[in-house]
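There are structures below to look over.
Next come two complexes built around chain A: one with chain B, the other with chain C.
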Partner chain A sequence: MSDRTALNGDPKQAARKAWMSLLAKAPEAQVLALWGERPAPDHQMLRTPELGSTMVRGRIGATGNAFNLGEMTITRCSVQLSDGPIGHAYVQGRSKEKARIAALVDAMMQTDAAESIHAEILTPLAEARASAKAVRAAKAAATKVDFFTMARGED
Partner chain B sequence: MQTLTQTLAQTPTLSGGFTEAPQQSARAFRAVMNVMARPGMIETLDLALPPAPLSVAAGTLALTLLDHNTPVYLAGKWDCAAVRDWLTFHTSAPFATAEEADFAFGDWDALQPVSAYRIGTPEYPDRSATLVVEMTALSNTGAILTGPGIKDSAQLSLPDVAAARANTALFPLGYDLFLCAGDQLAALPRSTKVRTV
Partner chain C sequence: MYVAVKGGEKAIDAAHAWLAEERRGDTAIAELSVAQIREQLALSVNRVMAEGSLYDPDLAALAIKQARGDLIEAVFLIRAYRTTLPRFGATLPVETAEMTCDRRVSATFKDAPGGQVLGPTFDYTHRLLDFKLAADGELAKAPTRDAPQEATPHITTFLKQEGVIQTEVDTGETPRDLTREPLELPADRALRLQALTRGDEGFVLGMAYSTQRGYARNHAFVGELRIGTCAVEMEIPELGFAIEVGEVELTECETVNQFTGSKTEPPQFTRGYGLVFGQSERKSISMALVDRALRWEELGEDNMGAPAQDVEFVLYHADNIQATGFLEHIKLPHYVDFQSELELVRKLRAEAEANIAPQQEAAE
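== the complex of A and B ==
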């Protein structure tokens, strides 16, 4: 547990966590489109893309105990670039290609290519996620009902 | 970003796992099952490339049989960062002491004392350890094996005949042995009776 706490406090780990999370949740079509025809750097597969499922746990309102929300399909993949960095990906869905690209992006984010990858792939993904979230929030906000109580005259 | 590059770009050797896990693990399991079912049989098991000092056969065996439910004990020089990282990445098996382990890896000297390993209980004789013994060579010479899975008798170069006889005497309790040398694999289940020539 102390290991985990230490990792959470590390800004580098937090940054890596953020981009891995972004890739994990991004829609397949978006990731594939942003990666485009980019040639992959020299790499070897440590773990070829494989499908599995994992239990998603939730907690309502951040109170009470965590509960099992349900299982979801995930695909994982690990690659190692020829100059050393290792990239891991655990992404939602069953797209092996997306998992491979996500692992490559994770590996390349640890190299000198980090800045261009960040600008060309991660930033657009983050923007798309933010706007999708805003649209969803706006739709939900439109249905919001304000309950208010008139003075009930209890005095 | 530069510091991130330096911190994260360690180069552990995680390569050498299965490239086609479904087919390769099925083939490896078949070989593992055959040697355990027919003591004395030696099979080639060369589907993975683990870091030294883990042999090719032991590494393939590990990828085939280990998962997050099988505590592993690494003995002697097998307990090194390279082997630990490789096993963790490919199998997610937890590491344990000799007394708690389901699987133990090492050569015969490093694995001593064998009395440390679990031999099961009369109700659950399956709750016992499997020792994966690294050897320099394996051949069908030496101790004579008889018992289940052996038509008349077989011969196998065992690391320690006396210990094997003591283990057989515990039947149905006891540990099971896999013997690895390079890419060669053989097994000695607790049910096999062992005598010297």
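== the complex of A and C ==
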């Protein structure tokens, strides 16, 4: 994953960024299936799931000034567990349920449940993503042109 | 002039009910699902996202279904929906150098690092109708090969190393946003690119084609065309750092264009840039050509009076929703306008006839 913003070398922040990014990009169906029927820990909603957009920017000539490319839909949600940790989610698309689960996962990753949440939700999401990407990359690689020079028959 | 008129409610209700029936078509034929449109008419979905200026494949597919496949109507639905969404912010610029490429070709360098990767392209197909698609056919599996792990470098980086191409520098400026303020001239390049990327594909294509045919010709080479996915990062105020909030499929085109140099600059290539949501190759090449044509002033070129050099002409006519809104409104009732015109014509005719009559009498 790219790391363009200063995380001040904070490994905790880097880890949080990684799981939040993974949840944001994950397909709704996978997140809901992996969360399953598990009961949510005691929590209160700081921000109920809210649907909105963000303006996606590009760069002129890939390296120059920013320009507005168009918006994308995102959904955000914030929760606080009764024992303190606050979880946030900003996820792609319009699924309020995915945003709610992502916020809970973010909060639970700051508790003793982190290890099991990581193993049961984040690792499978990361694996599914890696394998989907690998399949596309392998298909793309098969369409790479191997140039060869025609024998000119001069000798 | 528009005047409120009553009546017609029943007719309108009946028209909409019939529209719904026609949308569904023959009920003996299976109904299309939104997911089918999203998966199987992906390039239509991409166009609606690009011109609707909202990246959400499911919404675009729904709009296409609702619009009976009329893509401009679908774009209209997306634009209308977009205005209902609160905007949480803006993202960091996507880094296309880190794109996971499905396709990457260069028309300028055969042996560019990263190679020529064709991807799922229509190029080299014979454009013969494939009647096998009319029947349910078995699908052959696409072959695979070991893929490189590293990102594919941009072609322009090689030209930059040699100093023979103009560089694009980030000054950190916040771009103007035509969805938040009226599009006013002069328009800087960032604003022009926003207007072009959401502009009508047919219009931008026509403008680009005109430059190729000689109206402000600028000799474009496709330095690079790449299609793939990029992560979208956004600063989250609650966190104090940026996370990826999603990923988008993009098509990027960089053209390399002729430039003879100027008094202050040595000869070097100049650039046109296209970046569009989705797999939108024709649109992104067109955008790059028009972008380059619109740069004539900053590059010290002559104004040839060509349409593609006229920023007002291009930007004020590229938006198909503005265009179709104004165009189609003339079919709506203009009874009062027309009544006054009719009165005027009758009056003029009466006057003309009154003038002719005495002259005829005088002649006799």
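General remarks:
Criterion: the second predicted complex is superposed on the first by the 126 of 155 C-alpha atoms of A that agree within 3 Å, B and C clash if a C-alpha of one lies under 4 Å from a C-alpha of the other, contacts with A are read in each partner's own complex, and residues count from 1 in each chain.
Please note the rule applied: a contact is a pair of C-beta atoms (placed from the backbone, for glycine too) under 8 Å apart; a residue touches a chain by one contact, two chains touch by 3 or more.
Because the structure is predicted, anything quoted here is derived from the model rather than measured.
In the overlay built on the shared chain, the residue A:Ser21 is in contact with chain C alone; chain B does not reach it. By the touch criterion stated above, A:Glu115 is placed in contact with chain B alone, chain C being left untouched. Shared-chain residue A:Ser78: touches chain B and chain C both. Of the two partner chains, neither chain B nor chain C is touched by A:Pro39. By the touch criterion stated above, A:Glu50 is placed in contact with chain B and with chain C alike.
Touch criterion met: A:Lys144 reaches chain C, while chain B stays clear of it. Of the two partners chain B and chain C, it is C that touches the larger number of chain A residues.
16, 50, 78 are the residues of chain A that lie in the contact sets of both chain B and chain C, per the superposition on chain A. Across the interface of their complex, chain A is touched by residues 1, 3-5, 7-12, 14-15, 17, 19-21, 89-90 of chain B.
Those residues of chain A lying in contact with chain B across their complex are 12, 15-16, 44-48, 50, 78, 80, 84-86, 109-112, 114-115.
The residues of chain C lying in touch with chain A in their complex are 49-50, 53-56, 58-59, 82, 85-98, 100-103, 110-111, 115-121, 142-148, 154, 156, 167-175, 177-179, 189-191, 193-194, 197-198, 231-236, 238-239, 241-248, 250, 252, 254, 271, 273, 275, 277. Chain A makes touch with chain C in their complex at residues 1-2, 4-7, 13, 16-17, 20-21, 24-25, 50-74, 76, 78, 88, 90-94, 133-145, 147.
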